[in-house]
Each structure stands twice: as C-alpha cells, then as structure tokens.
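Some structures to go through are shown next.
Each of the next two complexes has subunit A plus one other chain: subunit B in the first, subunit C in the second.
So, the complex of A and B:
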C-alpha cells in the first residue's frame, strides 16, 4: 500500500484507449464484484426481504431487532468504547514517539524508530499469543512482580482491556509513520523562530506543530478507527466472551448461529458508524495523489 | 542541517546543549518503555519455544531444550497447515501478479476513459471496516457455495492484496525515466523489447518487494481464512488460533510462532528497504 504518486500525464502518443481499459479490466471487475457489489447487496438484502410467502417488500425488522436487543446494543457499546479508548491511547502513545523521532537528535533515535515500527512485522496472531504469555495469568510480568515482592497483576486477558492493549500495540507503527510524515512539513525555522521570541515547548507544540499536523492526526485516527471498529482476531482471542466486539459478534452470528441476515445487518450498521472515517480517508489519499509531483 | 545552523546562529550554545540532553532523556524513556512493550513479549515467546520446563514463579525456564520442536514438527496438522498456507499464498500472489502487473503498467503509461477514478477505486477495499466487508462477501459466497473452499479463501485474500499489487508497481513504473525508453525506441527497439529490456529491469526491485509483501500478508491473513475457510480450510494462522484456544501444551504455540515469525520478519525488513518509510505512510494519506 505504498504511495504511488499521482498519475502523471501519460504519453500523448499512440496508445489506444481500449487496450488500457482491457488491461485494467480484471482487477477493477474484482473490486466491483467483491467490494462494491457485496456492500450494495448487503443493504438491499437486509431491507428488501421475502416475507415467507414469496412476497418481497421493504422490511427493516433485522435493524429493529438489533436496536432493541440488549445484547446487540451492549456489543455495539463495547465496540464504540474500545474504538474510542484505542484512538485516544494511540494518540497519547504515538505523538511523543513521532515528535521525538522528528526533533530528537540523540543517538538512540534509530533504536526508538526500529522498535516503534517493529509491530508492523508481527502478525496479530503471534501478538495475541505473546500477550497471553506476558500479561496473562502467571505471565512473565506476574513473575517479575512476584520476584520484586509486589502483588500480582490483575490480568487484562479476557477483559475489555485485552483487545485495547493488543489493538493499540498493533496500530502503533502506522500511526507513528503517518504522524511522522505530517511532522515532516513542520518547518525547523518556524519552531526556532517561536522559541526565539520566548515560546516554551508546550506553546510551540500548541501553536506551531499541532495546526500543521492536524490533518495527519485525523488521517491516522481514521485509519485506526477503520481497523479497530471491526477488528476480529485480537478481540476474539483476548477479549471477554460477553459482551463481545462487533468483529467476533458478526463471525459468531454468521458461522455458529447461522443467521447471515443478522450478520449482514451488523455489518451494515458497522459501515454506517464508520462511513465518515472512510470518506475522510479516501478523500485524504485522493488529494495526496493529486498533490504529489 | 538547517536546524543546526539556525540554532547555532541564534541561540547560545548552552541552550542547544540543554535541548540535547533533554531530548536524550526523552529518548531513553521512550526506548525503555518500547523495549518493555515490544521486545520483552517477543523474547518471552522465544524463551517458551526453547524451554522444556518453565514453572511459575521462576524468572527463566528451569530446563532448556528442543524437545517441543521435535514434538511440534512431528504433528501432521502443523505440516498440513504449513503446506496449505504456502500453496494458498503462492496461488494468490501468482494470480495477483498476472492480473495486476499489466493493469499497473496500463495505469502508469496509457490513457483511457475513467483512468483516475478506476485507479482510486482500489481504495474501496480499505475504506470500510474490514470484517464487516468480509461478512458481506461471505453472504455472497454462501449463495455460490464458496464457503469452506480453497478458492473462496483465495478470492478473499486476493482482494486483500489488490491495492498493494496495483499501487506499488504503478509507483515503480512512474519512477522510471521515460527518456531511456524513448532513446531505446529511437534506435529501433519495439515496444515489447523496450518493456523487457528497459522498463522491467528498472521496476523489478520494487515489484519484487510488492510480491514479497503480498505473499507475507496473505500467509498471515487470519480474519478471512477463519470466517470463510474454517474449519475445512485450516491455514497456519487458523491452526494457531486452535493452539491458543484449546492447546494445553504452551510450547506448541511458541514453537509455531518462532517458526513463522523469523522468516517473515527478514522478508518484510527486506521489502521495506525498497519502499521508504515516508512513502509508506503517504500511501495512507498521511
């Protein structure tokens, strides 16, 4: 998913139109068939349903059920809570790292950068396993605390904090990279000038740095929200069984309860909650594409 | 560079020194926190893989050994899952290469109707909550009897890497100096010959990186394989979920983790050499 640069103006030469369209046809059709169509079909299938006598008509009962069912609503609430907490924690963790990587001149910048990017190379399934070994009951940090004569940890494993910790860990690299890319456009001269007229660090951060990177912060958060809202593996392995996040909830409804209509309804509701973030993400990337040389 | 010059001209040396020590203190704090949060968990997994006995509350395993490597590697389900994952990833990446590389060449070099819109359409796969999208695809696969099949999982994983496989090669093709291609054409080379001898060799490192990245992403893809494939199609991550949920012997999961993680880490670090960190982030709109 590296950046591709804008599409530069192509050869004015003798390339024929149909050949280009033909070459891109298969991947584009795949996107239409396996992304665009399922989404449209999901909305239609959950709202226009057969009533059992062959009559197909408008029927929002699966949505009515979702929004009147306490269990579904609890799952939605847990998902919103987890997403919000994760977004806040990500910002709190990643902004200092990104600021340090941008402005720090110490010798350990390289080490910090490597560690901040490393989770990108650890598949979430291995992360889940490592989490249990370290923070689970009698895990490594319990051992260390015991060695220091301190009481045991109240393990976050199988509580709502399990997925929170896992998802934050998983999302640190991309958040740091996106923030760092935004910090690249903060001018050193602007920071120095502000300091010369007596601004302290917080003032520089608030008046010089934050306005410049506010867009990057929004992009980083949109990206994280899109990933976290319907995350599956980490909440499934680290979270509580009830209430559960939307990801495991949808999976269970589809596979175990065997109720595709309810599962698809849950998916459409997830789309609705994330649509603003999705649109913002697409708009930012599209604008970025246009801006590159 | 500009920062250093600006500072030394305008600020007294002592204040610069303070900034440096403070930055280093901040750096040391961050380094310690990140080591505890990132390195320690991975080290603990590695320790578990090589431990034969490790009882609470001993800080280190009481007995090291390779016994559980032998046991893990003699399990049929491990080899089946590894074989299936390798086959699946190879097929998915090969199909992606065949359909995406010509497409990305067309996007970077040709002019046709709706090109910019079609190029951005690949974003759609990443603009929705992913598992929600998977569930809607699963509903369609249900009607096509693709649930629990090799090709059902392969299709899901193909969609997952389409954007990598289009956008990264497009960047590679665009980075090539067109004057070289024109020069070759001027001395009489045909279009295919130009592509084969000039364009492809220059784009190759980035394209290989994209292939590698896609291969590793597919190998570890868990959500789609679990929703669409399990229990019939048991890829390595799906097997790993089983180890985490139901396996009493802790070491099996640890051995599988080490086994799986080391080669992919090497591959991904190699891939990142070709795809710069900043460019990587800009692709996400940062």
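So, the complex of A and C:
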C-alpha cells in the first residue's frame, strides 16, 4: 500500500482510475438527466409534433409563430434591452467599487465591501418587496416627498426600469467579487510602473488595468447576462405586465394561457440566446488567453 | 545632468512605524549611490519617496533645486526599475518601452527610433515583437531598464533590480548597468541589500539601519573604515568579539590584545583577511574547520568559550582541525557604545 510521501507507480495510479471515474460519473449523470436531457427533449418536443391525427412529423410552426407575433417579439426585445442595460449598469457600478476595494486603503474599504456583498444574502423576493415599499406608490420616498410638500415622482415600479433596478442590485455582489478577483492579478508595481512613465490614473485604468482584467470582466458580464436573461422573480414582481420579460412570459404562457408547446418554444429560444452569449464568452476568453502566458 | 537632494526626510506610516528618520543625502550629477541595508532599514521607502510613490511625513526632496516633494510620480523627472520588473504582460517588448513616449505624444517615427535605440543599448535589438513571457528573467530586466532609460530621466531609481536573478546573471547585468550608467552619466540611486552589488557598482554607499544612515562613504572607505559595529558586521565578513579592556589590553576567552584605550567594555573588529594564525599549543583558539576555495581558504576557529571566528588563509592546508593557534590581528578596530574608539592598520 502506498503511504504518505512514498512514490506511487504509474500502475498503482491506474488502479485507482475506476474509483475516480465512478466519482465523476455521478455528477455527470445528474447533469445529463437534469440539464442535457430536458434541453434535448424540449427541442424535440417543439420540432417533432403530432398533427392531431396521430402522425408525428417535423413542425416549426411554434417558432414561426413566435418570430411573427409582435407581442412575443416585444417581450424578447424587452428582455434583451433589460439584459443589456443591466450589464452596462453593473459594469458602471461595480468596476469603481472593485477598483476602490482593490486599491483603497483604510477602514472604509471594509465597510464598502460589506455593503457591496450584502445583496448576496438577501433573497430576491425580499428585495422585491423592499423595493416596492421604498420606491413603489405610497412608499417611503412618496411619504418623504409628501411630508416635504413636494410633488410625487414617477415610480419605476411596474415599468421596465423596475426589474433593471432590482436585477442590478441583486447582481452587484457576484459582479464585484469576480472583478475583485481579476483585479487581484494587477500587481501594485505594474500600476506604479505605469505612473512612473507618466500615465495618469485614467490612463493607468485604460492601458494597464482594463486589458489585464478583460477576462474577469467577460466572466462577470457573462454570469450577469445569463442570470438576467432568464430571471423570473424580480421581473415578475417589479416589471410591467406588457411587454414582459421572457421568464414571466413563459410562466404565463404555460399557466394562464395553458399552451405548454409555446412556453417550451420560448424556453428553447431563450436558451439559444444564452448559448450565443456563452459561445461569445468562451471565444473571447480563449482569444485573450492565447495572447497571455 | 541632475543633482538629487534629500533634506531631513522622515516617513512615519499609519500605526506609528518610522521607516525613514530625519535622513539627508545629496547625490551629485552623474553619481551612482547605493542605499545598502538589511530588510526594514528604510532604503526602499526612501527610494519610493524620491519616485513619488510615498509622500514624506516631513522633509523635502529636490532635483536640480526644484522642490518635487509634493509632485505626483507621473510629473517627476525620475524613472524607476522595479525589483519584480513590473512589465505589462499584455504588451510586447516594443510597446512596453514605447508606452511612456506615447503618453508624451511623440510622433510614431521618433518613438520607433528612440525605442529601437534603447533596445540596442541594452542588448535587445530585434526583440521588439516578443511578448514578455517569451523572455528570460535577465531579458525582462533589460526591458525594464530600457523602459526607464528611453524617457531620459534626470534621476534613475533602481529598486533591487537583480534580486530575482541568479548569481551569474546578476554579476553580468550589474556590470552592464554600471557601463550604461557611466556612458549616459545619469544620476542614479540604487537600493540593494547585497553588499557585493554595492561594493562593485557604487560611487558612494549609504549604509542604512532603522531608517537612519549609519555611514556614507566610498565603497573602500565603508569596507576598510566602518564607523560602527553594525557597518563592520554588515559589509563583508567581520569578526566582532565582545570583551573587556583592562589595564591596557583587550581580553576575551584567552585572547589578549594590547590597546591604548581606557578600561571598559569594548567590541573588537577584525576582518578574516587581517587575522593571521600562528601554530601554537594549546594556543588562543582551536581550528574547527577548514574550507578550501581554491584561491584561498577560510579557517573557522573556536575560542575556549565557544566563540567562533574566521580567518582567511592563503595556505589552508598547512593547518588541520583541532590544531591550536595564536591569533595575530594585522588591522583592527575597537568600538565602544557603537562608536569607534580606536583603529590600528598595519598593512
């Protein structure tokens, strides 16, 4: 038997392979059963359908309907808009926070980090109701404005901006953590060397920091985009009834309209967009890694 | 070129740690001054204050009479070569060196000419398109040097630039850097904790300890005439023996060295090359070990109380372990309360 510190021969290593494969097999089978098979099943169910007389054949009518239906396209457009705006706002909000946490000194950085991570521990449904109580009609701001004798402001609740605010807030912790991890690879001396040759803070950010953390930005944005595109709770509770994001749209098509084929078609189309984001991410990361050691 | 003047500079970090304590120094035009000291002596902090990366708690820094104490690093006429090279791995060699010139808005043709010129100077002609990870450690350090030199700074700051290189490469690069520095006559402040580097490169050495200067002088003077026991022990190898002066002689565990100093505690300092040995039984010391380096030998000696000393012998094979010897110092220095009180140099 090999003991700690002894050299394990290649044969001994091979003997352990079946156990290793067995350990890997369980999660792989679970992924195939719970993820891969439902995807394949959804694509098959929406493209090979019964014509009502027992004959099963290729039928893309549910897709044709989706891409010719104005309401469906508006929902898709709203989802893409929300995702794009959220991704941009997340980068705008989180990059300065991550930069401050990376390069800031002193006690305040600890408080800022705690505040930035806090949403991670707040369930989406709690966040949604807190949002309604603060920014919704007759909420905290309305009461304060009324108390000051000022007119009411238009609330973002039940407008496309409602889910945007909620989703951005919800995604701040993960985005900050990923960016912060990327900024860990920016060495202090690399920044100092740039300043030494004459770069101001903005030039250091543009020419040194951003290229160094480009992979982390891609990872953060990909995680955010994939999560936001398929979000349900916050768009359902904070968003408008029409147009609506793909998550609530699928749920309503399935439950209220009782049209499971249309709902699955919407799911497959959403999945296709997420796959496109995924492919873009993988390609960009591979390209960036090809340039670096 | 330029004169660097540091006036009564101190740096106290948050928490009260004093890194540099009321230090003054003037580096003449074209001079290479080494800041030498152990870790935590404040040499890197001082260099970083000159570079603008740390702000002095008090004192002023001048370059050519211009006060630069409160200037941002990007505004200073200085350039620093960092210990870790601090090259930008997403840029190739050319872009690394050209970055500073691009920020200054120079025309592309002039940038190309300057960069190619400086790359040739550091022995990297034709390496412009290589990525940083395709270079060896020594080549990376040359790129870092080229990046600083291309800006034609008034003051060149070198922060232990060879620390991450192997011994052979370090020796070669320090000769090259010294040659370039002398050719360009660029005023240079060089931080190192390697005494060999300091002794071989510097016009003057500043030995630092606990944020203060222990001694400033030419390398030979610092080596031959150390003003304090710390400098004596830090520069080169030195036998430092604590003992007592009584009735005109230093004594410690069988050693007796006549000295014209007042009675009291004293530290005797003798370099191994200035300590001759005469075979004697039982002798003042015993030979413990002999290490033959080919050109010379180092004899480890043990006094009766266990104190270890070293002597350099040109013919180490004449001795054997366990043999008794008498000690004859040809040159010695005596310190009391960290101050030199007597020096005797026969050779």
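Couple of notes before you dig in:
As a working rule, the second predicted complex is superposed on the first by the 242 of 293 C-alpha atoms of A that agree within 3 Å, B and C clash if a C-alpha of one lies under 4 Å from a C-alpha of the other, contacts with A are read in each partner's own complex, and residues count from 1 in each chain.
One rule holds in what follows: contacts are C-beta pairs under 8 Å (C-beta built on N, C-alpha and C of every residue); 3 or more make two chains touch, one makes a residue touch a chain.
Note that this is a predicted model, so its numbers are computed, not measured.
Judged by the touch definition given at the top, the superposed model places A:197 against subunit C, while subunit B stays out of reach. Contacts of A:189 after superposition: both subunit B and subunit C are touched.
Judged by the touch definition given at the top, the superposed model places A:220 against subunit B, while subunit C stays out of reach.
The partner that reaches more residues of subunit A, of the two candidates subunit B and subunit C, is B. In the superposed pair of complexes, A:256 makes contact with neither subunit B nor subunit C.
By the touch criterion stated above, A:211 is placed in contact with subunit C alone, subunit B being left untouched. Annotation: subunit A residues 189, 192, 195-196, 292 touch subunit B in one complex and subunit C in the other. Here subunit A touches subunit B in the complex through residues 1-5, 7-8, 10-11, 15, 17-21, 23-24, 26-28, 30-32, 34-39, 41-42, 45, 96-97, 100, 103-109, 111-112, 115-134, 138-140, 142-144, 146-147, 169, 174, 177-182, 184, 188-189, 191-192, 195-196, 216, 219-220, 223, 226-227, 229-233, 236-237, 246-247, 250-251, 254-255, 260, 263-264, 266-268, 270-271, 274, 278-279, 281-282, 284-289, 292, going by the rule given at the top. Every residue of subunit C that touches subunit A in the complex is listed here, in rising order: 51-53, 72-74, 78-80, 82-84, 86-90, 99-100, 103-104, 131-133, 144, 147-148, 151. In the complex of the two chains, the subunit B residues touching subunit A come out as 2-3, 6-7, 10-11, 20, 23-24, 26-28, 30-31, 34-35, 37-42, 44-45, 48, 56-59, 99-100, 102-103, 105-113, 115-116, 118-133, 135-140, 142, 155-156, 158-159, 162-168, 170-171, 174-175, 178, 210, 220, 222-223, 226-227, 230, 237, 240-241, 243-245, 250, 253-254, 257, 260-261, 264-265, 268-269, 275, 277-286.
Subunit A meets subunit C in the complex at residues 187, 189-190, 192-200, 203, 207-208, 211-212, 291-293.
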